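Think of it as A, B, C and D in the order they're written, each chain with its own count starting at 1.
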Amino acid sequence: MLDWQLLTQVIPKWLEVSRKEASFGKVATYIPGLAAAPQHTLGISVIGITGEEIHAGDCGFMFTLQSISKVFSLLLALIDAGENRVFEKVGMEPTGDDFNSILKLELVDPGKPFNPFINAGAIMMASLIGGNTPEEKSNRLLRFTRRLAGDESLTWNESVYESERKTAHRNRSLAYFLKDNGVLLDDVEDTLEVYFRQCAIEVNAKQLARMGMILVNDGKHPTTGEQLIPRRYIQITKTFMVTCGMYNGSGEFAIQVGLPAKSGVSGGILALIPGQAGLSVIGPSLETKGNSIAGLHLLKTLSHNLQLSMF
Amino acid sequence: MLDWQLLTQVIPKWLEVSRKEASFGKVATYIPGLAAAPQHTLGISVIGITGEEIHAGDCGFMFTLQSISKVFSLLLALIDAGENRVFEKVGMEPTGDDFNSILKLELVDPGKPFNPFINAGAIMMASLIGGNTPEEKSNRLLRFTRRLAGDESLTWNESVYESERKTAHRNRSLAYFLKDNGVLLDDVEDTLEVYFRQCAIEVNAKQLARMGMILVNDGKHPTTGEQLIPRRYIQITKTFMVTCGMYNGSGEFAIQVGLPAKSGVSGGILALIPGQAGLSVIGPSLETKGNSIAGLHLLKTLSHNLQLSMF
Amino acid sequence: MLDWQLLTQVIPKWLEVSRKEASFGKVATYIPGLAAAPQHTLGISVIGITGEEIHAGDCGFMFTLQSISKVFSLLLALIDAGENRVFEKVGMEPTGDDFNSILKLELVDPGKPFNPFINAGAIMMASLIGGNTPEEKSNRLLRFTRRLAGDESLTWNESVYESERKTAHRNRSLAYFLKDNGVLLDDVEDTLEVYFRQCAIEVNAKQLARMGMILVNDGKHPTTGEQLIPRRYIQITKTFMVTCGMYNGSGEFAIQVGLPAKSGVSGGILALIPGQAGLSVIGPSLETKGNSIAGLHLLKTLSHNLQLSMF
Amino acid sequence: MLDWQLLTQVIPKWLEVSRKEASFGKVATYIPGLAAAPQHTLGISVIGITGEEIHAGDCGFMFTLQSISKVFSLLLALIDAGENRVFEKVGMEPTGDDFNSILKLELVDPGKPFNPFINAGAIMMASLIGGNTPEEKSNRLLRFTRRLAGDESLTWNESVYESERKTAHRNRSLAYFLKDNGVLLDDVEDTLEVYFRQCAIEVNAKQLARMGMILVNDGKHPTTGEQLIPRRYIQITKTFMVTCGMYNGSGEFAIQVGLPAKSGVSGGILALIPGQAGLSVIGPSLETKGNSIAGLHLLKTLSHNLQLSMF
């Protein structure tokens, strides 16, 4: 079990060592909202299911969820559409390819995305969230994340949303491909609006770690005990976090760190320490596969020293 | 040289034999404007550069150019943007793949279409046609085809255009992919409008054979001698008609027929008999690769009996 | 924790239910040694790290390890060549593709196999086992499996080995591809001999479950406490068993069963119940991805009813 | 028609200009027999069907046919096995991919090579040549090339043959892949022996141009009129020379030069001037696609100045 007292002392030190790694990565620049993030930002929050908390570094730095939102849209799609419907629309297999590869869509008959964490799969999940309009769906997902974060102030970064919407040609290409294959039934632009909005939800490491803690706690509210998410859906989601949570670096992450996790291009990583705590790091400088370079270093340090791997 | 007197007698007989092949193919059904074409329609027109003409079967049947328009948009892009600019945007290699494959775009760095006759390449050519607006470009291409057909009545089939625009998810996917790669610089919807309009230009076999005759005549008007298209651009276009004119059946067509040709999903085929005549067949029933099944049969019969192969 | 008394009663019943599934699969037929296996054979063995054992059905049926041997060749390659050398030669990523796909080798620069459990990766691992000749390497691996099984009688099925060697054109193709890329440095036929021999090691479910139990016991002999395999190498291997152990059905297996596992075309499956027991099923009738169809059904039943998923 | 008197004067000048291009390419180095060729070697021979001859530069330099031999093995396979049998084993489509790509074999069901000029296709053609042993087949092909060259001295370069045999891992990989798919029925090593021997036939530009002249002369001996090759088989072969003769630079060559041609990694190119002459250039320095860089330059110069394109 985690020794919280020890952790309170060592984590800030480890964080400063990992922060140096940021020099070897690059901040995403395709939209201004991401490009503005300082390269050496690094923060971590760990929140235990029995109430312990550790926060170090820039854990108040606000960042957009980006691909981390795929965890929550998958959960909500499972809740709203059910397991069968979800797996009519996406597969269960990891790919080893780039997160936004069209190649894989073509090689698999009939164009069904490999899993819910590649962009094409996440676009499908956005279409399965309950609601009659993009606004309803987006608001529903926002409320869901607010409940998990225990913070009603969570909202979208409008400027990031607008930038994404304007420049997301690759995602549009993917969505029209899904539409052409008859996998996506909804309107393309409507579905993309939901997808871009979910990517633009803004959090800090503290809020995100709290969301992770609920997942670790089997979907139950830590004090009221209310079941916010069915256990089975958390199990499915955690499995995908292990097999495809870190883009085409997921296999390496499973070996080097061994925790369910999901990263985003903003430099955030959500990780789960089974049975114990939710964890979040933010470090905008990315390695070549799109994961936070200093964040990865810090997670490896933690996993190695504390024997956190589930394997 | 073609024996026109003999041809006048035998072509109608050969046509009736080929017409039976239509039973083994299928009319395209993805839009109503194509699905309505009678399966056993078959017409042929041959127009010599010295004025001879042969017309048989349903040569007055009106059909939209569809992919045959790629011949004329390539020519106009060469005229308007020049050879260098054209080959900055598309390659020169045949592919062996489906006409609308995204796969090939991903395997080739940096997402430049393989050639101007696959859909992605043709979309790029549409963007290179001169004009400041989609309307100007579309009108410019229409006038170009009218001049080649020697017929000012040529125009778009508006209902086919509208249907294409609404259902062309795959082409939208391709265009956004090109946009994402930085190959397509223009607005996606503007470019697609030009592309859909060119596909919707309506002709009959007589008009199309006349257009082909101008190409065979090295781009010169047959009576005035005016050079409508530079010789070099015709040479380039004829080469692509040999290497990639019949989708992923181009290699087989080169061996079985051996003429520069371009087919469309409406069942039309434009073929060139070098030094002698332009030729067009229309037969809406398609084989699995998207070419007119009866049209192919008729062209094989002609090539075999008259020794027309250029090889 | 497993209720062994209860299990002793329910497992034989569950096994008979699962046995019926064998009708919906097919026994591998590419070599006589596999084709001879009775379709409805089904056996299971579970061996706990504290000595409990359950055996039901055809758990004495002898079968060849086939791809299950990849678990042991990876472990031995790690022991003999070290972690760094192993990951110079194979990647860590799952693929979603067929187990013997050449495609993936070409798309990844420079032809390094994606992971040690696809055939190309396993061939590389065979080349890393210590020894100067194929005989030395093969004997070394055999002794390793004997020690894990606690049974000196384990040996190769010579007739299966001979058949594999003669018909394994796809594996030869993969090996020459690796040789051409400069990834495989040893002689191709020498390396394949080691690989074919490891596939032909013959076991029954009891012996294989015992091998799995050692892995679950962190590589330690259950009574002497001797460390047969370093803990770190077991961790690496278990991770690959989760992400790529069941061919291109690994993702689905992780969600439906949630245990580290490895299957083979003979119908065997080795599975690990972390912290508790090694488990093996044998059922030669395969589903389309190459896994035992009745074996999968039985594992799903166990996981579902006993809540065995690690996720 | 070619002005032979003029050509005799200008070709030596053009050759010296093209020779300078050799500096920008690289001689193939994968076997010693090729690596030894002087980079700036450049020779050309043109032989007309009515007896005219022009030779300039290093036209006596001996080089191995390499991929140029695919022209002759295709012709002999057509003669020995017939058109139907040949096209049961290879397709007719160009690919746009590398000459030895395995990728294309996997994407096409059921592993039939795209055309007879990619390596996999040429290996299939070697298996169709008449004869009961590799020796018989190899000797049969050698005699065929001797008859076309009108020179009984043609033979294999044994040292090049031996080197190829030892290092051709990629070709072995391709052949085993074909064997696995059930396309190649013969023994792999036997078939490769025929293939490696055909690649090792040694010629100079004069002999090769003479071979080309027979093809241009519709397969007839220029003085005796004997039909050495049926006209139909020459037509098929010429078509492939246009669509796939220059590796994945075939499309560009068709546009820039416009002649049926086939190149080899030794730096040789065989080209046909329809109705007039056989032509051969040798220049061992290669561009990135594997074609003679100075040879390409010289052919472009000739085609441009003499308007030789068939398009």
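Here is the rule we go by: contacts are C-beta pairs under 8 Å (C-beta built on N, C-alpha and C of every residue); 3 or more make two chains touch, one makes a residue touch a chain.
On a predicted model such as this, the values are computed, not experimentally measured, just so you know.
K.L.:
Starting from the defined contact criterion, work out which chains touch chain B and chain C both, please.
P.N.:
A, D
K.L.:
By CA centroid distance, what chain is farthest from chain D?
P.N.:
Following the centroid criterion, the farthest chain would be A.
K.L.:
Calculate how many whole Å lie between the centre of chain B and the centre of chain D, each centre taken as the average of the chain's C-alpha atoms.
P.N.:
32
K.L.:
Express in whole angstrom the distance between the two chain centres, defined as the mean CA positions of chain A and chain B.
P.N.:
That pair's centroid distance is 48 Å.
K.L.:
Starting from the mean Cα coordinates of chain A and chain D, work out the distance between those two points in Å.
P.N.:
Averaging C-alpha atoms per chain gives centres 55 Å apart.
K.L.:
For chain A, what residues touch not just one other chain but two or more?
P.N.:
In chain A, residues 103, 107 touch at least two other chains, as defined above.
K.L.:
Considering every pair of chains, which are in touch?
P.N.:
A-B, A-C, B-D, C-D
K.L.:
For chain B, which residues count as touching chain A in their complex?
P.N.:
Checking each residue of chain B against chain A gives 101-103, 105-107, 169-170, 172-177, 179-180, 188.
K.L.:
So in the complex, the part of chain A that touches chain C is made up of which residues?
P.N.:
The contact residues of chain A facing chain C are 91-96, 103-104, 107, 114-115, 235-236, 238-240, 242-244, 248-252, 254-255, 258, 260, 309-311.
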